[in-house]
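So, here's a batch of structures to check.
Presented sequentially are two complexes of chain A, the first with chain B as partner and the second with chain C.
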Partner chain A sequence: MENLVTTMAGNFGGITGYIYPNEYELHWQLLIVIYPYLTGLVAGAFILASLERLFRVNELQPVYRLSLLTALSFMIVAPLPLLAHLGHPERSFEMFLTPHVQSAMAMFGFVYGWYLMVVLLLEIWLDYRRDIVLFGREKKGISKYFYKFLSLGFSDISDKSLLFDDKLGRFITIIGIPSAFLLHGYVGFIFGSVKANPWWGSVLMPIVFLFSAIVSGIALMILVYMVSSLFRWKQMKMACLNKLAEFLIYAMIVDFSLELLDFIHRLYQSEESISILSDMISSRLFVSLIVTQILLGTILPLVSLISARFGKFPDELKRMLYFIAAILVQVGIFSTRWNVVIGGQLFSKSLRGLTFYKIELFGLEGLLITIALLILPLVILYVLVKVLPPWSDVVADQTQSQTQPN
Partner chain B sequence: MNKLGIPGQIVPLAIIGVVVIAAFIAARMLFVPDTFGEYGHYRASAVEEIASQEIVYAGHEACNDCHDDIFETKQESKHRDVSCEACHGPAADHIEAPDEFTPTAPRGRGYCPLCHGYNPSRPSGFPQILPKTHNPGKACMTCHDPHSPVLPHAPEDCSACHRDIANVKQVSHHATLSCRTCHDVPDEHLIQPKFVRAEKPANRERCGQCHDRDSDSPREIPRINIETHGERNLCWECHYPHYPEVGK
Partner chain C sequence: MIDNNNKPVNRRGFLGSCSRFIAAGLGAISVFKFGGSLWGQENGQYNPAEHNYAMGIDVHKCIGCGRCADACKRENDVTREPYYFRTWVERYVIPSEGETVVDSPNGGIDGFPETVDKNDVLRTFFVPKLCNHCSNPPCVQVCPVGATFASRDGVVLVDEKYCVGCRYCIQACPYGARYFHPESKTADKCTFCYHRITKGLPPACVEVCPTHARVFGEIGQLSSPLRRFVRFNDLTVLKPWLNTKPKVYYAGADGEVR
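Entry: the complex of A and B
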């Protein structure tokens, strides 16, 4: 009997209450946590760029192109966690060949393809066309041909032609915004439509996802802009940072109110799942939800952003506060994704017990792969920035040396 | 602008668009199997392909021709529903040429736990053991005849077959209660559980003997008024008896 007790205690260590046999192990792990995180950054960065373009928020000019490139580099990485999670990446193209229109998950390829090919690449190409053509004229050797190739063999950069670029680009931005909403709303939809899971199943889910995406995207652009300016030894434009901070504040307030609304709605409805969910929040998710998501990831950065934006501080201090707030927001949004994906699997569908989740280090779903997947977009961004410099000063120099003789 | 009046950048973009669409159509023609979608969202010819595979199992009855002794024994035993080839592997070759191909027999300790190792998803009452603690080091056949697995003696504990319930109860407020406090179990149930049933509590008084405020059970047991508490529902419609919880 003693033997039995010890074996049993070993098996039941992290489990409390009653859970079904197929709930011992979580099927969606870290990789599925970073997938919505990455797509959120894409959608957020793109929406920020569109704001500048459509509403001519001129302060944001310095981050416009940078946001597009950031969106692209995160977009390239976004499907990788899914491919790694499912295995057999060589089969992934089959979902394009035999589309299954009744399955939201199977339609991901098309949502992704549309957004990448029709929106992001096209908009970047149109925006950079003039620079590409100029680079093609100016550079030597292989890179000359590389830029010629990028220009797709069309080298007219007369004012009339550039004007058309601008018009078409504007049109694509207009399609782009609903597309970005679609991309990330889609990810929220996947979770929100699981009606058997009370933690996920909610019509608010796509909307909450969308706003948290915007929050994470703006915070990311603050970080990318600050770090890139530091490395280039350039003065950051305070007006731009202030504007970014302002938008971040608005987006965070909307996001936080929506999440609160969702929360209060659940409390008020008080369906039979409420007691296990509150158990889960006060035990398993306490650190990741109450501490990191709400306190560290929302309230603290909101306070520091508001005081830095509207308080009377020296610019250095403001920058410092923005930077810290943006990092905290990233941590907060990451834990939001964690709480949705992992939280939805920690409680039993019998509503009587909780299981536990321990991250593994190695292995396909492990911590190392996850870290690699989070670093990869930054590497891609570095390469993209080298190939297509987004800085207005670089381009300006060039225009002077190149276009004046014409 | 070119001669047609179309802005120039549209041309390369249109070409790429056409190429992508053409590639898509070509890929569909090339890679989508002909019979895809005939019945549903899958390749219809897969059905025929699977049907045409070589048959490797001979089936239960086939063994009766030559091993009728074993067949009879097994039909009488607890393993009557376990097919010969579940343990001996596919034996279609063997019935064609018994001397050339002989099936293997799973003599190691690893095999039987595939069915009998403890797993909470198995139905309650299915005989299960923890291979690590159940007579380690000895082959299962030294004590159990695989063709007629009679137990050397009746299990001492309900957890032999109801380990899922025992496990849950063990970490509950009812941990200290023996199963027999609530269930009258004839000893025969431990040997022939399907034929001799154990009894389940049928009325609220069974719980009231400890929990009613007038009962003379130990003082630390929480009390309710059996006349009014939970009205006319059975106690276990609200409290799982093996893991009683109190709603908040």
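Entry: the complex of A and C
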């Protein structure tokens, strides 16, 4: 804190115009940037999995379970940046015990709890129950009991029972899609409902958040699928990759159109905030908005995806283009979150000046913690994949002798 | 008419007795009716439902001495660093040509240095700022645990023992009136010096203002100085289009003030 203040005191050159005295310190920093980024990945990965299940997009079958596990890994980490950012994390439980129902933020716990416990965990468990029961029979030692515990005592894997699992799973997926929409649309609402802030206060915010979530989730699954296939020395299924790229293109076009609409709408309405927001875009946010979000994070990957998907290239080149595009999309979506959260605080609510943000390296809101929180879901995913292998070939190999594979 | 001493009562004496009787009766009634609340206040039985506080600010009277901002920091243990204020004073300099220049160095506590050539100045004035104690407060709406609340006497307060420190209220305040207290790690803001007003004392900023630019009181109370202020001035509130319904009323504030 002291460092921050000293830095600011010695850096008045970074402030232009007039800002209210209480605005020198940015109240939501890096941790709040990664919170919507992580929840977006959760919602996106889950919606992708649901597409496969509900609409029977068979090409996506190789990433169905992987998407569910990815959503779970990121979901487990999603509340951590929020918790770390609180002034009194030990009081966070008050949000559950005595929530203030008018507050958008108070609903976080309930939306999160509903999504994690009712939708995600239940769907994964139903989908894996057969495998868990089989693992419980095959494995030796502690892992045997571990899988027996995971099965929660439901060891019946007769066709009738599995059919029931499938029906229930499908029902939960149907509930799950609006829930995933709710989860991330709600995160957008937290920002969009702040009327004090003209950069945030937009009715489009929840919808933009939702579509950017779908974009980031699909791009993440392209990366996870490609990297996991490389590590497993397995051939990637081009049909799956092509389908992922296709959905990514559609989602990006909708997302970009919505953001463009928001931008044009603001320009055309030309409210009193337009002058300071234009100043901010052309100075403070130029790199993160114009360069990384729009050029590098949207237009370049869109061009590369469209040309790879619909052009006549060898598979090797297609894969490379998909991979690069997926990474760029992640950079772009992270920039989107940055531009919303940090951008919303770089101008004064007096609409007379701009402030600046200097990332701290150490400390709870620092760069290192942020990087750790971005890596943690991947570690969790690694463990989850070991415990519950999402690859159909692994399960089939191990259970061939006992039952017919799916 | 004959009295006990068999002295005749003249008209002057009769009217005198009557007026004494009426005065004594009225005195007794007023003590019975209003004295209760005064005593109650002294005995710690302050009844918030009987009050609805607000503040008036006369921009024409403010000389930008910054004593209010200083007194506030002393009274409420606000960190002395220039990034934490419950109240501060802004200076508006409208030049003959060009954009209005606004500043508030250290909230106005150390005075305002000359920044613009006097000959170029068309108009200049000072505007004290503080929490507007809105009747429709966005900060209260967003608090996830209800730690920020509007009290029954119309003051928006923060329960520092309950605040989780999420800072959503700071984001939701359109006036920049809230800050994050670096020691308590909770949101903090002007309380109208709640510890003083509930004892019948004015807020510290009002008490020290040498020009009576700040007027504190209750609009609903006929005897309140705020009543007179509201009656005899053309008033405005800050950012009225946001429908926050502020209870800090400005007299003489320019359209440039936001």
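Details
Everything below uses one rule, namely that the second predicted complex is superposed on the first by the 388 of 406 C-alpha atoms of A that agree within 3 Å, B and C clash if a C-alpha of one lies under 4 Å from a C-alpha of the other, contacts with A are read in each partner's own complex, and residues count from 1 in each chain.
As a working rule, a contact is a pair of C-beta atoms (placed from the backbone, for glycine too) under 8 Å apart; a residue touches a chain by one contact, two chains touch by 3 or more.
Predicted, not measured: the structure shown is a model, and the values here were computed from it.
Superposition of the two complexes onto chain A shows a clash between chain B and chain C. In the superposition on chain A, contact of A:F154 is made with chain B only, not with chain C. Once the two complexes are overlaid on the shared chain, A:D165 sits against chain B while remaining clear of chain C.
When both complexes are overlaid on chain A, the residue A:L126 reaches chain B alone and has no touch with chain C. Shared-chain residue A:R352: touches chain B and chain C both.
By the touch criterion defined above, A:A104 reaches chain C but does not reach chain B.
Contacts of A:Q269 after superposition on the shared chain: neither chain B nor chain C is touched.
When the two complexes are overlaid on their common chain A, residue A:N22 makes contact with chain B and with chain C alike. Look at A:S282: by the touch rule set out above, it reaches neither chain B nor chain C. Between chain B and chain C, C touches the greater number of residues of chain A. In the superposition on chain A, the residues of chain A touched by chain B in one structure and by chain C in the other are 1, 5, 8, 18, 20-22, 24, 94, 98, 100, 352.
By the touch rule above, chain A contacts chain B in their complex via residues 1, 3-5, 7-8, 12, 17-18, 20-22, 24, 93-94, 96-98, 100, 117, 122, 126, 129, 152-154, 156, 160-161, 164-165, 168, 275, 352. Those residues of chain A that touch chain C in the complex are listed here as 1, 5, 8, 18-25, 27-28, 82, 85-89, 91-92, 94-95, 98-100, 102-106, 108, 190, 194-197, 344-345, 348-352.
On the chain C side of its complex with chain A, the touching residues are 81-85, 88, 90, 101-104, 106-107, 129, 138, 141-146, 162-168, 170-180, 182, 184-186, 242, 258. Of all residues in chain B, those touching chain A in their complex are 1, 7-9, 11-13, 16, 20, 24, 27-28, 31-32, 36-37, 41, 119-121, 130, 132-133, 157, 159, 167-168, 170-171, 240, 243, 245, 247-248.
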